[in-house]
Every structure is written in structure tokens, then in C-alpha cells.
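By letter and in written order, the chains are A, B, C and D; residue numbering begins at 1 in each of them.
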Amino acid sequence: MEVLLDIISWVLLVSGGAFVFIGGVGALRMPDFYTRMHAASLTDTLGTILVLLGIILQAGFTLSAVKLLAVMVFLLLTAPTAAYALANAARLARLAPERRALDD
Amino acid sequence: MNGLSAHLPAIPVIIPLLASPLVVLLRQRGLAWAAATASSLFCFAVAITLVAAVRESGVQAYAVGSWAAPFGIELIVDQFSALLLLIVTGASSFALLIAPRFGSGVPDDRQYLFYTAWLLALAGLSGIVVSGDAFNIFVFMEISSLATYILIAGGPNRQALAAVFRYLIMGTIGATFYLIGVGYIYMMTGTLNLADMEALIQDVSDLRPVLVAGGFITVGLALKAAVFPLHIWLPNAYAHAPHAVTAFIAACSTKVFLYVLFRFDFLVFQGNLPGHIEQFSAFMMPLAIIAVLFGSAIALAQKDLKFLLAYSSVAQIGYIMLGASLVSVSGLTAGILHMFNHALAKGALFLAVACIGTALGVLSLDKLSGAARRMPWTFAAFVVAGLSLIGIPGTAGFVSKWYLVLAALELGVMGALLIVPVLIGSVMAVIYIWKVVEAAYFGNAGETVVRAEAPWWMVTVLWAAVLLNVWFGLQPGLPLELAREAAALLLEGQ
Amino acid sequence: MVTLFGVFLLTLLVITAVGILRAEHLFVAVMLTGIFSLQMAAMFFILDAADVALTEAAVGAGVATVLLLGALALTNDRERPSGIRPWWPLALIAAATLLVIYATFDQPRLGDPDAPVHQHVAPWYLEETPRLIDVPNVVTAILASFRGYDTLGELFVIFTAGIGVLFLLANPSKGGALSLSQSAESQGLRHHLVPRVVGRLVVPFIVLFGLYVQFHGDYGPGGGFQAGALISAGIILYALVEGESMALKALSFRVLAGMIAGGALLYVGVGIAGILLGGNFLDYSVLSADPVAGQHLGILLVEAAVGLTVTGVLLTIFHSFAARDQKS
Amino acid sequence: MMEYLGLYNYWVFAVLLMLGLYAVISRTNLIKKLIGMTIFQAAVFLLYISMDKVEGGTAPIIQSHMPGQLYSNPLPQVLILTAIVVGIATLSLGLAIVIRISEAYGSIEEDEIRKMDNA
């Protein structure tokens, strides 16, 4: 059982880390604001949540796990909102998407 | 009341701190002024009591929160801090008495904030003076600095804002340098209490962090005290502040930072760091001499009364530093005494400027021609205070310069050479004060001379300050003794 | 492992600082400053300073960023491109850096338990706090009691800043900011559904967390200042979502001034109560028959005072900035 | 190796300190100067907090169920809590002054302001 939990937790941690990394590469390499933001929001949601789940499994049934769960809930609420506000601000500022991105 | 006497060292800090939020709640201008003045005068009375207590029973220590010294914060009032406390509370009281209403730029409904800031500046400066803890000094330094920025920003012109921004940047750098220095000493000794530091620093005195700490603290405090060449924030800040504020800060603020500088340099570093005395003197003496000559020379070229007096302050800080850089009891006595006497003279001069500015609204020399006939009382006071600034026998300014010359002569031929800049500086002071007198008394006033004397209470306060200059010129016993004991305390630890 | 993290974060700090220096768009510089503070907070956490990390995150990354952005909106968000920079400041700075680094070689190494800092007063605090004050968080014990006088000074520093901002920016012709027009800015994000719904959902939790940090400061990291920063952050979020005027309706300038002055009075009052009850200034032991209970009461009161004033000042500063006319 | 790694904090302190100071000295934009000042102050926080660490210690929150636990030094943390507050107070006052300068002069570049004053 212990070993199983450990394995699951590490799988979650590693895959979360992978998503964070991919998000980071995307934010650097994507051609324009909107696509970059898309990549970055991956880090915020999937990446961090997988990592948090992994840590929760490591923590077991303790107070820390509850706190981590609360952090996760708040992240799920705020990260998409922040992404929305950012995109909205860009739209209000009439930031045009890169042409190349549209053509593809 | 007997029970309260044990708490005397803390009271000059507590009272203005208590009064400032009350002023915020009062909001009304007249009440705000009354509350500020009452607390300032009360602190002045406490300062006088403290001087008496120190002379009677020696150093007064006070453990805040009843926690003993290196663990809690200790307040210490010795001869040196008692003298400074007298300067701070006295300057604040005189300047407040002359100004029930501040400059034209501040609307009535915001004046209460101004008096709040004034009280905070007073509390901050008193807090620095009575504190025996290096970090606590930093905290109160910031209270006084922030409050002073607010006071200067209340000046009537937009130049005040530019001046205060520069002061804020340089002041923060100075305070942060001080904090770094304290951090290094703390790193090497493990204590923040000044007396404790003095004892513990001997074991680590030859290590580089302590030397760097000495550098940071000296430079940081010199910045705050406007020691040449770090004075560049001073003239603009003094000149564009409201008049009463200039009278307050010109009389005491730089001196408080010089006080901290002397405390650190003489108590903690000198005697414990090898070679520090020579370095201090070799570094400070040339700067002090240049400050005297440069400040006076620039003052000569000024056309605005406030700028003229502000540059003269740069020169006067030079005299204080010159006395200290001799590193002898008599030299330090002269320097400390000059703190007191310069506060008297410059405070009185800026009070006169406040009267002139209130009554005539102009301060540039060419517009003041013949003004003495319009405001005879004020200009007579200006002349007497000017004589004290120059150092004419019979005034306070003479006494400290005389002791400075005596202390220099103790050094033999080298010292005799030091008299030259002192004399040149005094001659230049004669010239720049004469420039004002010439314009005011011998300038062309036009055909009809209208009497436009400042309100009677302003002239009364001004003359009270001027008469103090004469009194302490003829009876220099009290400040002289305090200065001598303070110098002995700093140099010999007794 | 921890050392590795430390080295990584510290290097990142230097890179961020260089980035801030090079950014000519001030908005970018401000954002990088926020990131800088967050990295600094992480570094503090690694160095076992949980309280400081919490404060740095709330203040440096939160409040300071909001204030800087507010100032940018009122002034200009572009630095004028500079021509040739003089070389002497760089030379001077480089020399000074080398001097400070040169001094480090005599310093105790990081984490050295024999360093003088850990010998003299620090062990006393760690040993005596359970007996004398009996709160687990030694930082709180020192902050509020042993060095309570410093904290009094700290409260008055922030008090002074509030007074200064009011003095410089209060707009009497508009009657304070009370008569804000119903312009787009003052309505906040009311017509944006997503931020509004989420904002309303989160604000109570932020304030609740602030209160937790306020009253849990004896046992864990936290205290009046952090709580004040958090609560005011919650209310600032409310102002952004629902509009300035709604936030001012809840806490008007008058109320805020009352909070500022009330907190300051409370702290000084506790100190004076110590004198009246026969102790020294800020001596809490005399507040109750049992010295330890007295200490608890004193710490509770002064932390509440700090929280009150800090909340009041930060909100006053925010509203003063927001009420200023936007640049034309 | 560890000999020098243990000093890395203090080197970064020196570099950050001087980077901040350089920004204050060399930039003419007033807000940039204030940002430089915050870096300058943050460097000092790092200096103090680096002192507090004890190898093997934890945050100084006493756990009675773990006797013999090593704790890091609480005193520098207290000092820096105060210093952070001082920093934000200075920053907000500085920003308020900058806003007033911008309204009075129409610029926040130091050399342009000086030119207007001398004109």
C-alpha cells in the first residue's frame, strides 16, 4: 500500500513538473500574446494541481493535506480568473494576434 | 508626581506620540496647534528637568517594558543627550510658538495633518536622542525623517516637492547605510545595545566586517547630517520648506544625526578599533575645513535670504566637525558647544526670516532694500542673531569659536594653522550678514515707508530667542559644562 | 539540497534585479519588482524566517506592486530612453561591491552555529520566552514584548506615511474622494462577470485568513502587520471588483482615519497603562495579576493596534491614489 | 567549496545592494529611482536574514513536543519585520511625492525638472 501511494504520488509530481516545464517553454516560444498566455495557463492549472495532489498523497491524512487542498481550491478559482482578466485587458488594449498564428 | 520622575527619559517620546493621533482626531486647526504647542512646551520642561537630574545624579537609564538592557531596549540620558534634548524640544517650541498658522500653500482643512507630522518629527528626534539601542535609533530616525519630508513638502512652491524628493532618496540611502553598518556590528558581536557593543567589539575589532561597518555608519550618518560633501540635499530643502519648519529643522535636525555619529564613532569605534582615531581625524578634518570655506563662499553669492542661511549651515556643520576631528576633550567640547550655540543663532535667524516672510512675503535681497525701516524690531533681532552667528564677543557664537581656537592651539603649530580657516570663515560670515544689513538698512526704500512689522507675538518670540543668544554669550556656564562632561564621557568613558 | 535551492534562488534574484534595471517600460519594471519580492520571500522561507517571508510576500509582492501601479497610472509608464550614461557611477559601484565582498571573508559562514549572533542574546530569548511570556512563536514574543518599543516605532512609521499621503494627496476641492463620479473606473469591473463572481467569492476568505493571521500570531507565523496587509488586500480587491465608491461606503475616509488614530492610541495607551499600574512604559506584566497572563493580554492588544493602524493606513493610501485625477 | 558557498548569500547581498544604488544614482526617472531604492533595501533584508540561519535549525516557533530542537535566531527576523514596514512607508510617501511632482511639473524625469526649476 505504502509503495503504491508513493508510486502514484511520484507519477503525479513528475507529470506536474513536466506540464510546468512545457508551459514555460510555450510561454517563451509561442509567437504572440494570446498563444503564450494559453501556454502559461497550463502551468497555473494542470501543472500546479498535479504537483499539489502529489504532495497531498505524500502528506497523508494530516492538517497539512487539508491546507494543501484549500490552496488547490483557491488556485482553481483564481488562476482561470486571472487568465480571463489578462486576455480581456489585452483585447481592450486592441492587441492584435500575430498574423502567422491566424494563417496556420 | 514623584512616581513619574522615574519615567522622565521616556516622556519626551511618549507625549508627542500620544498627542499626534489625538490631533488627527481633533482635526480643527486651532486645537491642533494648541495641542502640538502644549506637548512641545511640556517636553521642553521635561528636558530642562532631565538636564537638572543628569547634573545632580548622573546618567539616567530606563528599561522599556522592564526588560533589562541587552535583551530589552534601554533609554539612556547622559549629559550629551540631555543637551541635545534641550536643543530639539526648545527649537520645536520656539518654532511652533511663532507659527499658529502655516505657509500660504497649506489649506486650512489640512493643517491638522501638518501639526501631526510636526509632533511625529519631534517624537522621532527625541527618540533618537534618548535611545541606547542601535536598531531603535534607526526606527526613530525613520519616523523623524518621514515626518520631516512631509513638513518640507508643505512648502509654498513646487520646488519644495523636487527638493523633498531628493532629500527622501538621500535620506533613505543614509538610513539604510546606517542599518547595514549596524547589521555588520550585530553580526560580529551579537548585540544591538550600544554600551554592550562597546564592550564586545574589542574582541573582533581587527576584522574586516567591523571596519566596513565603521565606513557604512560614518558615511550614512554624514549623509543625514549633511556633512560636506554630502550636503547637497540641504540648501534646497531648507530654502523651500515653510518658514517655521526651516527654523525647527535647521536648529536641530542635522545636529541630532551628528550626535549619533559622535556616539558611534567615539564610543563604539574609537579606542576599540586600532588606528580609527587617526583615520577619523585625517578624513574629517580636511572635509570640515573645506565645508567651512566652501559653505561660506557659496553663501556669499546667494541672493535669497533662506539660501544664504542654508549654505551658512553647511559651513557651521564644518565648525562642529572640525572640533570633533581634533579628537581631544577640548576640541570635542568646542564642537558640542557649537551645536548648542549654532542652534541658538541659526534658530533665531530663521525665526527672523519667518517674520520677514510673513510680513513682506519676499526674501530675495534685492527686494528687501530698506526693509529695516519697515520692520525695525525684526531686523534689529536679525542683526543681533547675525552677530552671534559670526561670533562677536558677548554672544553665544563667540564662546564656542573661542573654545575651538583654544583647542586648536593645544596642537601647537599645526593647530595654529587650523585657526586660519576658522578666521576666514568668520570674516566671510561678517560679509554675508553685512550683505543683508546693507540691503535692509541702507537700501533705497522708496519715497513712502509703510510700517509693516510682523505680528507682535512673532516679534516677542523672536526676541526671546535672540536674548537667549546674548544670555548664553555672557553666561555660558551651563551648556559649556554639559558639553565638557559630554566630551569627557565620549573620549574617556567617564 | 536546501543550499542548492538557496544558490539557485539567489542567482535568480540577481538576474531579476538586472532585468528591473534594464527595463525601460516601467510597467515591466514594476511587475519584475513584484517577482523579485516573491523570490525574496521564498529565500527568507528557506532561511527559516517564516514571519518575514509572509510579510515580504504580502507587502513587497502585494501592497508595493499595487501602489507602484497606481502611481504609474497617475504619471507616466515609460522611462525616457536615455542617451549615454556616464561611466563613473558604474565604476564607483563596482569598486564598492568589491569592497563589501572583500569584507565577507572574515564573516561567519551561513548557518554556522558558533557565529557570534547565535551566542549572546539570541539563546536567552529562546530559553526564557516559554517561561516569561509563554507563547510558542518567539518572533512574536520579541516583536511585541521584549522589543515592543521598536514595534511602537514601526507603527508610528506607517502612521507617519499615512499622514503624509493624506497631506500630499487629499483633494479638498472634491470633498475627499467621497463624491467620486460614476465613471468607468469607479465602477470597477462590475460589468465583467467572471472576475466579479470570483472576486466576491474570494474576498470573505481573504479577510477571514487575515483575521486568522492576526490572532494566530502567537502560535504560528503572523501578527498585526501581516494581517493588516492581508485584510487591506482583500478590501482593495473588493474595490477593484465592485468599484471605489462601494469600498468607501463600507469604510469611509473618516472611519479609516479613526482606525489609524485608534490603533496608534491603543498602542501608546497600553504602554501608559503599564506606567499607571506601577511598571515601566510598555511593561505588560503588570496588566494582570499573573505576569504571564499580563504579557498575553498586552501582546494581544498591541497586535490588534498594529493590525488596525496598518489596515487603515494601507487603505487610505490606496484610496488617495485612486481618487487622484487620471493623467489627461 | 562549502567554505565559499557559505558566503554566497553575502555576495548576492553586495551585488543587489550596489545594483539598487546604481539604479538610484544613474536613472533620472523618479519612479525608477524608487524601484532601485526598494531593491537596495531588500538587499539589506537579505543580509540580516542570512545571519539568522542555524544549520539544522527550524523557524523559531517553539515545539514543546520536540525538546532539543535547534531553532534559528529570531532577533534578525524581528528587526527585518520592522525594516520591511519602514520600506513600504518610505515607498508610499515617495510615490505620493512623485505624483505631486508629475502634476506640478508635467514630468517625472529629474533632469527635465531641474531644467524647469532653473529656467
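The definition used in the following text is that a residue touches a chain if its C-beta (ideal position, glycine included) is under 8 Å from a C-beta of that chain, and two chains touch if they have at least 3 such contacts.
Small disclaimer: the values here were computed from a predicted structure and weren't measured.
The largest tally of C-beta contacts between two chains is found for C-D.
Between subunit B and subunit C, the centres computed from C-alpha atoms are 32 Å apart.
Subunit C and subunit D have CA centres that are 13 Å apart. Measuring from the averaged C-alpha position of subunit A to that of subunit C gives a distance of 28 Å. Under the contact definition stated at the top, the residues of subunit D that touch 2 or more other chains are 17, 21, 51, 75-76, 79, 82, 86, 89-90, 93, 97-98, 100. Contact with two or more other chains is made by residues 135, 139, 142, 146, 149-150, 153, 186-187, 192 of subunit B. Annotation for subunit A: no residues touch two or more other chains. Here the chains touching each other pair up as A-C, B-C, B-D, C-D. Looking at the complex, you find that subunit B touches subunit C at residues 4, 7, 10, 14, 17-18, 20-22, 24-25, 62-67, 70-73, 107, 109-110, 113-114, 116-117, 120, 123, 127, 135-136, 139-140, 142-143, 146-147, 149-150, 153-154, 184, 186-192, 196, 200, 204, 207-209, 211-212.
On subunit C, the positions that touch subunit A within their shared complex are 189, 192, 194-195, 198-199, 201-202, 205. Across the interface of their complex, subunit C is touched by residues 74, 77-78, 80-81, 84-85, 88 of subunit A.
Those residues of subunit C that touch subunit B in the shared complex are 99-100, 102-108, 115-122, 124-125, 145-150, 152-154, 156-157, 159-161, 163-164, 166-168, 170, 172, 257-258, 260-262, 264-265, 268, 271-272, 274-275, 279-285. Here subunit B touches subunit D in the complex through residues 135, 138-139, 142, 146, 149-150, 153, 158-159, 161-162, 164-165, 168-169, 172-173, 176, 179-180, 183, 186-187, 192, going by the rule given at the top.
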